[in-house]
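What follows is a single structure, written as structure tokens, with notes after it.
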Amino acid sequence: MTSATLFGLAGAALVGIGLFGMLVRTDPLLRILCFNLLGGGVFLVFGAVARRGAGAGFGGDPVPQAIILTGLVVAFAATALAVALVLRLASAEDKR
Amino acid sequence: MPEFLLAAALLVFLTVAVGLVRVLRGPSEADRIMAAQLLGTGGIATLLLVGQATAMPALTDVALILALLAAFASVAMARTAPSREDEQEPPA
Amino acid sequence: MIADLLLVAAMLIVALASMLARQAFTAVALFIAYGLLLTLAWVRLAAVDVAMTEAAIGAGLSGVLLLGAVRRLATQASPPPEQPPGPAMTLLIALGCAALAAALGAVVLLLPNPAPSLAAPVAANLPATDLGNPVTGVLMSFRALDTLLESAVVLLAVVCVWALTPEGGWGGVPGAAQPVQRDGPLALLARALPPLGIVIAMHILWVGADAPGGKFQAAAILAAMWLLPWMAGLVTPPPIAARWLRWTIAIGPVVFIAIGLAGAVIEGAFLAYPPGWAKPLILIIEFILTASIAVALALLVIGTPDTAQRR
Amino acid sequence: MTLLVDAFTILAVLAGLVFFIAGTTGLLRFPDTASRLHALTKADHLGLGLIVLGLLPRAAGIDGALRLLAIWGLVLLSSAAVGPMIARLARLRRPGE
Amino acid sequence: MGMLPMLAVMLPVLAMVAAVPLGARGAERLTLAVLPIGLALSIVIAVIVQLTQAPILYHLGHWAPPLGIAFRADGLSAAMLVTTAIVVAAVAIFARADFGTASGAPERRQAFAFWPLLLALWAAINLLLVANDLFTLYVGLELLTFAAMPLVCLDGSRATLEAALRYLMFALLGSVLYLLGVALIYGAAGTLDIVLLRERVTADPPVILAIAVMTAGLLAKTALLPLHLWLPPAHAGAPAAASAILSALVVKGSFILLLRLWFGVMAAVPLPDAAQILAGLGATAILLGSVAALRETRLKLLVAYSTVAQIGYLFLMFPLLAAVPGVSDIAAKAWTGGVVQAVSHAFAKAAMFLAAGIMAARFGHDRIAELGGAGRAMPVTLLTFALAGLSLMGVPPSGGFAAKWLLLSAAIGAGQWWWALVILGGGLLTGGYVYRVLASGLRSGGAAVPMSTPVTWRRDGMALGLAVISVALGFLPLAAFGLVQVGQLDLAP
């Protein structure tokens, strides 16, 4: 087994872990955290795909690598949005 | 020489990975922060050793970013850790 | 291979523990460790650009963002917990997730060999961009549209976070008030680190054209260097009504689109660069985009304006 | 000459390793937070410092050496800042434990 | 000419970006200035596609796929581009009363947020319509989610914030699953360009799993039963203008992407069994959604449940397209029927939500049982609701009728008569809930209704205009519907 495959399998396991957490955790903040675990798994699967595509003197296929980079930033923005919403909801609590 | 550096990198990583037990078990928040910090330092050392062994100077830059951001995350952890109410200084 | 196995095992254990953690703080501490381990995994996958981004955004900014939320939620009455799924349902979900993970693992093993790849076309066309870093080539030329749209997404996210401002807080200072610490360890770090960090960010941005690095990594570092003195209470973010602040986060995408449209007029295709001009134009875009994204990322961490804090 | 450099690197990196191992052992085995903190700072200051020292003669030019030193400096700085914070946290925690 | 689809996307993106520093008042004026240009662009694209009977292709930065990204505006894109532009324009004019900023007035939160969000939404939908690259489409999906989420909770009340959080969780899970599929498809085929993928993909496990997780993710975003739970509170709690956009357009964005996957990427690999399951879920959604609407006591929730039901119709086209690859006439009918359903529902539902918003604003509540007097006080609003209702029911001659009739005859032609029964049953149930509202509104009312103002006239005009379009679609000659066939990969002879 190559290390690309190994990390791909790890990504698959992380997808399972993150998805489970997103579905069973009730604390919204922990749900967001699990969304990030899940995202890490997805990116790792993508990373395995990129590594498998090594060639032309590159250690990995640069196209999926660039896509992962973009995806990481988008995932961060999504996390920030979700966190802001959770905090806003918590402060709405007091006023009632 | 690269073999030696790689072996050293593996050992450093193995060592700090064992330290992860403290992040898992605590018991106090201080312990978790320390273990995370150790993981950061060990990760930096690993990156430097691998970067030298495989002639990838860019890994030094990864280590540089890690050093900066690990410092940032560590202080954030240290001041966020749940503690007694007298911990916070009053806002000016 | 042993190293990889070790790394994977550590990653899975940390992720599992983070997902199961009882306390939010523990979960986030483990999540930061997860980000550190992922950084090493990206190095092992020969994706150094991604490793840098993961270190800066995955472990750094995301961790600090979540920690900030833990901190703010600790001072508030915890919301009534939603009903967790019952044991039978939990088991069912666990089986479903395990099945998905297993299917995904099997599929990873079944991916075609040799793997299809665009490495060769990237290598063949990279000289046309005058860049040395293939990932930057993809991000700024071959798939520049994605990068452009992503910068718009980041800007939009700031709008969304601001849109959550409670009544009476509009136009005010974003984020919760931070306890002021004029001296002490945090203040020391908040004063000593930023100058060094800015130099490092500029270095990462500059080498990004030809070696791993680039605007996102640099922007994340710069954001962290602004957030540090903010956390120490040494600087106050500008109010969100400030026109210059809004221009700062918008100027990057605006310039990117303008250069793209200029390409459409001059070269006949949106985001096409005239021959010989690719590298300077890309550097201009990256430089301005770094400033915009850095401020936007920091604002995303700082969060929504508070009613309590109109200055 | 190369032999000398190699020997230097090996010695320094090995010494660094020892401090890392000591740091982890301390973190795992020491009974209280304060002494664990001491163990941690050893790994941070000396372990990484020695590895950086060992790699310095191999660095690619002044630029590479500067980056190595900057990393060490950064870790020292953050350790110096976070250490007291952790110590205070540990002190504050104790009465309730 | 090739540039037009690119401009249709970049115009709202640029406007959205520029709207942020301009502030609420500037953003409002910028939006109103950009709207006619965007509408004109969409119409020109539609005319060109209809005249040339070929999709418009555009390579960004001169880089051809698989290395670069292509835009491809086919008939489906063109029809939906025009629909989107019209609905966005009507909603923008409608929304000025709520989110406008008078000269010299201080900037308000809702006003600052609404205009960039509207522009971002428009940009995202246009991107989803013309982008031909699976990852660019992912960015479009996220853009759409980010723009839609704050619209749900624009009024800042606790209930809407909860609805927004629930929506966001569904949407984020949906997009991350979609991204997982993108990774697998790239790993299997080495490209993300839909046209190229159509030639490269085979029914291998990686591709099948990819399509499965992407479909699941997109269903969560499209709110197909049983993943619909987030929709009613989210769409009903938003301000009327936002509800109209969310129900009419946002759920269509992920649906169109689903069509691109199933009948673009997988055109050469039919999945008849899975298509039956999707249509089964759709049929259940039609029946359960309509029943829920029938039992609902609040007007805006009724309209939201109606969306759950009407989304169900969209999925009936899947087995009809997948079942009979040889008989292209039936497939063509199913395709046209599904797309016309998407278009006519967009107009009708936007009109209905706007009408419901006008009623709720004037009554100060939206309890259906207490709408008495609406027929006298606001006949135009009630007429709007009725016309939109006719289209949703599928009464001839309306756009909804054309759509449902095409789907019905395709179902019978394909020998899958059971879907025809569902279509007819759904129409009856729809009639039931529309009638409930009208009957209540036509009763003589007890409470005094506030006088109408010029603002109300303009708002009524916008809502009525949309409702009229949804009906008028039924008068179009069938040849006009040929537009949506253009460039359809598996239907092309």
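By written order: A, B, C, D and E. Residues from 1 in each chain.
We adopt the following convention: a contact is a pair of C-beta atoms (placed from the backbone, for glycine too) under 8 Å apart; a residue touches a chain by one contact, two chains touch by 3 or more.
For clarity, every value in this text was computed on a predicted model and none was experimentally measured.
Trainee: Can you list the clusters of touching chains once chain C is excluded?
Mentor: A, E | B, D
Trainee: Spelling it out: a chain qualifies if it touches chain C and also touches chain D; which chains qualify?
Mentor: The shared contacts of chain C and chain D, listed by label, come to B.
Trainee: So which chain is the furthest away from chain B, centre to centre on CA atoms?
Mentor: If we average the C-alpha coordinates per chain, E ends up farthest from chain B.
Trainee: What is the distance, in whole Å, between the centres of chain A and chain B, each centre taken as the mean of its C-alpha atoms?
Mentor: 21
Trainee: With centres defined as the mean C-alpha position, give me the chain A-chain D separation in Å.
Mentor: Each chain reduced to its C-alpha mean, chain A and chain D end up 31 Å apart.
Trainee: Express in whole angstrom the distance between the two chain centres, defined as the mean CA positions of chain A and chain C.
Mentor: Measuring from centre to centre gives 12 Å for this pair.
Trainee: Please report how many Å separate the Cα centroid of chain A from that of chain E, as a whole number.
Mentor: It comes to 28 Å between the two C-alpha centres.
Trainee: Which residues of chain A are in contact with two or more other chains?
Mentor: Within chain A, residues 15, 19, 45, 48-49, 52-53, 63, 67, 70, 74, 77-78, 81, 85-86, 88-89, 92-93 contact more than one other chain.
Trainee: Quick check on chain B: which residues sit in contact with 2+ other chains?
Mentor: 29, 33, 35, 57, 61, 64, 68, 70-71, 75, 79, 81
Trainee: Spell out, as numbers or ranges, the residues of chain C touching 2 or more other chains.
Mentor: 28, 61, 68, 70, 100, 104, 108, 111, 115-118, 122, 142-143, 146, 150, 153, 157, 160, 164, 166, 185-186, 189, 193, 196, 200
Trainee: Using the touch rule from the top of the page, what pairs of chains touch, sorted by label?
Mentor: Contacting pairs: A-C, A-E, B-C, B-D, C-D, C-E.
Trainee: Inside the complex, what are the residues of chain B that reach chain D?
Mentor: Answer in residue numbers: 1, 4-5, 8, 11-12, 15-16, 18-19, 21-22, 28-31, 33-35, 37-38, 41-42, 44-45, 48-49, 52, 57, 60-61, 63-64, 67-68, 70-71, 74-75, 78-79, 81, 83-84, 86-87.
Trainee: State the interface residues of chain E toward chain C in the complex, per the touch definition above.
Mentor: 3, 6, 10, 13-14, 16-18, 20-21, 23, 58-63, 66-69, 106-109, 112-113, 116-117, 120, 123, 127, 135-136, 139-140, 142-143, 146-147, 149-150, 153-154, 156, 161, 180, 184, 186-191, 204-206, 209, 213
Trainee: Which chain C residues qualify as touching chain A in the complex?
Mentor: 1, 4-5, 8, 11-12, 15-16, 18-21, 24, 27-28, 31, 34, 38, 41-42, 44-47, 49-50, 53-54, 57-58, 61-62, 65-66, 68-70, 72-73, 76-77, 79, 81-85, 90, 93-94, 97-98, 100-102, 104-105, 108-109, 111, 115-120, 122-124, 134-135, 137-139, 142-143, 146-147, 150, 153-154, 157, 160-161, 164, 166, 216, 293, 297, 300-301, 303-304, 306
Trainee: In their complex, what parts of chain B are in touch with chain C?
Mentor: 9-10, 13-14, 17, 20, 23-24, 26, 29, 32-33, 35-36, 39-40, 43, 46-47, 50, 56-59, 61-62, 64-66, 68-73, 75-77, 79-82, 88-92
Trainee: Would you pull the chain E residues touching chain A in the complex into a rising list?
Mentor: 67, 135, 138-139, 142, 145-146, 149, 153, 156-158, 161-162, 164-165, 168-169, 172-173, 175-176, 179-180, 182-184, 186-187, 190
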